[in-house]
């Protein structure tokens, strides 16, 4: 049996099964089982690709190369840990009455469908399908964000829907333009939307069309990445949805969107040279980093704050990919990995913390280290890691990005310095009193799931100190694919 | 042991520290085990480090590669003379502090002891790694780990909001500085993508880029060292930390910044420009003056010492500046002299400042007071601490024949050699600056007399002070070790300069060692006896001889009769301990003279006050003129940026729309 | 023959553009939905013509899909929504209509300008249509920005999809069938979710005025 | 170390110890005469020392060992200072122990110990005196160093013997920088030796006293040692001044016999210096304590200007 097939089928099946039984108490475990099935399939696929090189499936409709296989593995992994985290978390939410069985069913089923759409988006070779999957991912997450049915969550979901819908529509226009450009150079009979076909002829694509197409694609998928100034949906959606969803939104969906941008960038680079797409991404990336840093310094809601931090980091990745070159691309990919690991770990910790405090307002959360040292340390270390403190992996990628920027784009470094400093002050200044200090909070009814938090932090730590050779080979191949 | 290369030994030391730390985690709340076994073990490991470093000083540089780090960039380590010297300082000062810490930590102070043990030993290990690192990544990882572990140590008692704030400020400044250092390495690697120091040494940058690297390094390392105006974290963080940690931070950690500055300016950068040195000199002296003036007007023991550290760091940077200036003009012998002065002072400050901080720790434990205004007369109740701290105080005041004087002497000598400079402006200004150094040294004496006099001498200002107990035996050993270091370094500077010699030869191709060795072990004469000489042993012997002789003669010729009586005090009948000078009173003349430097808030009582109170708060202008405006600026910008997110979906769509139009316009 | 056909496609394009302007200036919700359905019809017409000329059978399916979805199903759903929620009344706009028209004309010029270099190289029968599609896209965008109620905003979103479909058909002879189906499915699911949402928003806020949805913001 | 060196060293030391109280007596006597008083006589300081040594020492109850050790240390410091200043000859074996900078350090050690000892008893006057003493010291010390630096820059050395040799035995030259330095040095000497206009050694007036406040609690042999040390300090300062600004008559290392002429030269120079000191003291008024920083700051400035003049003119 084809592992790729399994990677789709397991979450799809899971979605349907949970649509039937998602309201039962055991659905939580079923969710975990399906997620681990997906992970197993993804691991199998990874092993296959590492051993056998890039592969096609379903009449070239799907294509696995080092670039997406690592994201597939990451997605499946974070998908599983988030499922594990959501078991106790959602149970508490049920106890509090925020979730009804009906909503639980929707939640579980959409969780699996969401994984499915992301995996399709990552593995497809067809840019049209990529678009369809991205839109589908938006739709599933819209439902997940609004699952509490509170006014705030409805508002967030509505904004998410409209803004991302419009953004994605622009991406579709870009895809059409790309298709139009491709049809001229790709011989009749083969599919002009297949990325591999496009990549083969990318040097012959019409530069004028490509430049306009890339603008639409960048802005379209960039909306989902959360690039400033089209980021506005992101903090609302992260803050108002259930925390496991914030974790996967930040940890996975943004990555997938950035992945889409990267695929398009490769084609654009082929037609226009690296400067065009690179400069646009540099600009957007830098703007995102700086603006997000200033946004960060005015937050009161913890999830909202970390949502802005995601904008900052996606901006940094975009900046890195915009610089291009082997080092920066490598750094960008590494940053993608560690950011999803660390950011989801933070959201896990934040989830438990907010449940303890009964509030997402940071002033209400105090002295976690006293109530629950593990959650407290998880949040503290996670925040330090995300702020670029070694020896966590975020530092490794920031190190490479900043040092490369210093010589390639020196004008940008003062802004980066400012932004990182402001972001540090903003995030750490708020996390510290949450973790340290005296408190009156009470422990939780259900023991928190700490395995995901520390597993992620441990992996993030490892990536800062030691990147296993196969992983680094993988990154380097992927970096070459992007144009390193 | 003999077959063991020093670098392996140093790595073993680091591994030992880390494993001690991990043991601490497993014995999280077993206080006795942590304090009586793990900390002394760590202290012994410090000693081993000092020995390995000593061995390494006399060997050629050794390298090692650890299989950690980024792909294609494993941790490169290199133990050369400069690294070995700083390891010696870390080991030497660390040994005393560790053994002191074994007796110092008490139960129930926030963070569990095992965790403190982990953080403490990771802190030590990361400092050693900073010095050892031979590529930018390893350096940065160690550097930030150092900041992080010390941050956790500073906030050990995190229930106090002020301590949390101090920790936050500290980590923020450290992080911003670290980013600057990172960018400096980004310049130095010259777009090769190779971050080893070996590669950086091989690059020859244009003066523009070299200056950029230097300025970034100055900012980054200056932030760590507490260079004016990046010093604000220092007087907050040092008092907040537990005393052994303040000792390590002030005594040792600040020196890693000096190490970084020396490493970048003399090793990694292939050229030096004179204005770098002038800048360092100016910044250094400004820092020193600022630090010492603030030290004299403090009324909190640890803040006083923290400001004194700022002063010393300023002098160190000034010395580096002189070395850079001389080196820029190819005057290597003088450059070596300046660098020797700097490194000597590094070791000397490490010892005496650690000693003073652990001393304040003892006072703090015995009395629960940090406020100078509530102490006094402790020499009667804590003689061990008092006498040992006295040594630190004398060394810190730069009095002969202790270690502080030797380094200041070398520094002043360097200043007096500047008329040989070919630059007409520099050779005129710099000797004049020597007078400024003299002023700073004299003010340091003032601050130290205030510190010692108010804390240990006089009458106890509170009744509870009479119950103060003296140091335990572990604490005594730790303090004795540090005090002995101050004395030995002061009395035998020649021998120590021979060690520093290896470093300067390595970096500048010139050393004082040969010259110093020529004049014999007794006399310190960097160039010739006619030029300048100083013999601490003769000096000390002379004073001691005269004093003892006087004592004996007085006893022999006259008598030794003595009678105890109440103090006379000009015949004042009624005296209380409250009538002594307070800390504020003692600092008052300086406050008056340097009023423009300080930001004073006075609350004077009026004649009608029933309970008249007099209060003076000394503030820091840089805080109000620089940091608060920056904070306000950030806040203002954040408010403006916040306008992007006003909640209206139409506006959001408009952003998207306008961005689209703009970009289409751009690419059209 | 070809010239005639291409003129026919251009005609449909012009109709779309006019309808887009009409929607921009329309205040009544019901009329807006009718205009949207007519726009869908124009897309269907254009698709059929192109299918006929190029003999691409899948374009017929595409046309059929559009007909069912955009001309019948979605307007029907929208009708039901406004019946149930009773939001037939005139809609308020954030800018007045003449201003919108002027901005709209500017956008059309801009769109033509942008697509000119692309059209120059175009070999398809409908070279000018890309510009019109882009213009329609931008006009729908503008409509979404200026409307203060949820339903017109959704209609604007759907009109945008229309423009995209039109662009796909006229500029590239349609996307592959798999993609078309996927897009159609997404649109359908999207409109269903939107419908559900509108009910919930109505329930929570007692209004479909999206100006009530401004609680989440930076203060 | 030559025999002659040893001889001149011992001679200088003994001379200093013996002559120091006499110099104090001489100044005090002249002061009395200038003020139309008869004065206690030249030998009064000796009588005073003798009396104090014989007396029993009364120690405050709270005095720590530090308080008792300080007089000896201060005395030792001053003795060493006199030993390394080339007052008679430049052939001083001990001079390698300390150069100009270390000499200033030596004075600083004495000052710090005296101040700390004054704080030890914990009386209000003690700490007041310590504070004032340190205030004077922190301004006077750099000024003194700056004076010595000027000389060092001229002589290209900080070794006192070299400075004196090069100033005394080179061809005669006029150093304008030294004029500034000389005035600065005079100011510093007044401050450092507790003379009018900075301090009045003859009064115990609480508003103004500095030196006397420091030693209020001392008595008996301790007081004797401190007073002797104070005399030695005055002697040492005078000798520094004479050696730098009027270096004639000081014997060179190569000519041991010149020592014979050096002693009368020194004594006569000291006599003139003491007279001038008394004269200035008589002519000037004691200033308020808050004026002292200004006074000393101007000394510091003068010394720095002296250095600048030297660096500017190259002489």
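So that you can tell them apart, the chains are marked A, B, C and D in the order they are listed, and the count of residues begins at 1 in each.
The working rule: contacts are C-beta pairs under 8 Å (C-beta built on N, C-alpha and C of every residue); 3 or more make two chains touch, one makes a residue touch a chain.
Computed from a prediction, not measured in an experiment: that's the story for all the values here.
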Looking at the contacts, which chains touch subunit A and subunit C alike?
B
Determine, using the mean of C-alpha atoms as each chain's centre, which chain is farthest from subunit A.
D
Determine the chain that sits nearest the middle of the structure, using the mean of its CA atoms as its centre.
B
Subunit B and subunit C, separation of their C-alpha mean positions in angstrom
69
Using the average of all C-alpha atoms in each chain as its centre, how far is it in Å between subunit B and subunit D?
35
Could you please state the distance in Å, as a whole number, between where the Cα atoms of subunit A are centred and where those of subunit D are centred?
78
Based only on mean CA positions, could you tell me how far subunit C sits from subunit D in angstrom?
99
Interface hub residues of subunit C, defined as touching at least two other chains:
114, 117, 141, 144, 153, 210, 213-216, 218-219
Among all residues of subunit B, which ones touch two or more of the remaining chains?
642, 644-645, 649, 653, 656, 660, 664, 668
What are all the chain pairs that meet the touch criterion?
A-B, A-C, B-C, B-D
Hey, which residues of subunit D end up touching subunit B in the complex?
53-54, 56-64, 66, 72-73, 75-77, 79-80, 83, 94, 96-99, 101-102, 104-106, 108-109, 111-112, 115-116, 119-128, 130-132, 134-135, 137-139, 141-142, 145-146, 149, 152-153, 156-159, 162, 204, 206, 216-217, 220-221, 225, 290, 293, 300, 303-304, 307-308, 311-312
If you look only at subunit C, which of its residues touch subunit A in the complex?
114-115, 117-118, 121-123, 130, 134, 137, 141, 144, 150, 153, 157, 160-161, 164, 167-168, 171-173, 175-176, 178-179, 182-183, 185-186, 189-190, 193-194, 197, 200-201, 204-205, 210, 213-216, 218-219
So, in the complex, the side of subunit B touching subunit C is made of residues 642-650, 653-654, 656-657, 660-661, 664-665, 668
Which residues of subunit A touch subunit B in their complex?
158-159, 162-163, 166-167, 170, 211-212, 215-216, 218-219, 223, 228-230, 232-233, 235, 276, 280, 291, 294-295, 297-298, 326-327, 369, 384, 387-391, 395-396, 398-400, 402-408, 410, 413, 416-417, 420-422, 424-425, 428-429, 432-433, 436-438, 464-467, 469, 472, 475-476
How about subunit C: which of its residues touch subunit B in the complex?
94, 110, 113-114, 117, 138, 141-142, 144-148, 153, 210-211, 213-219
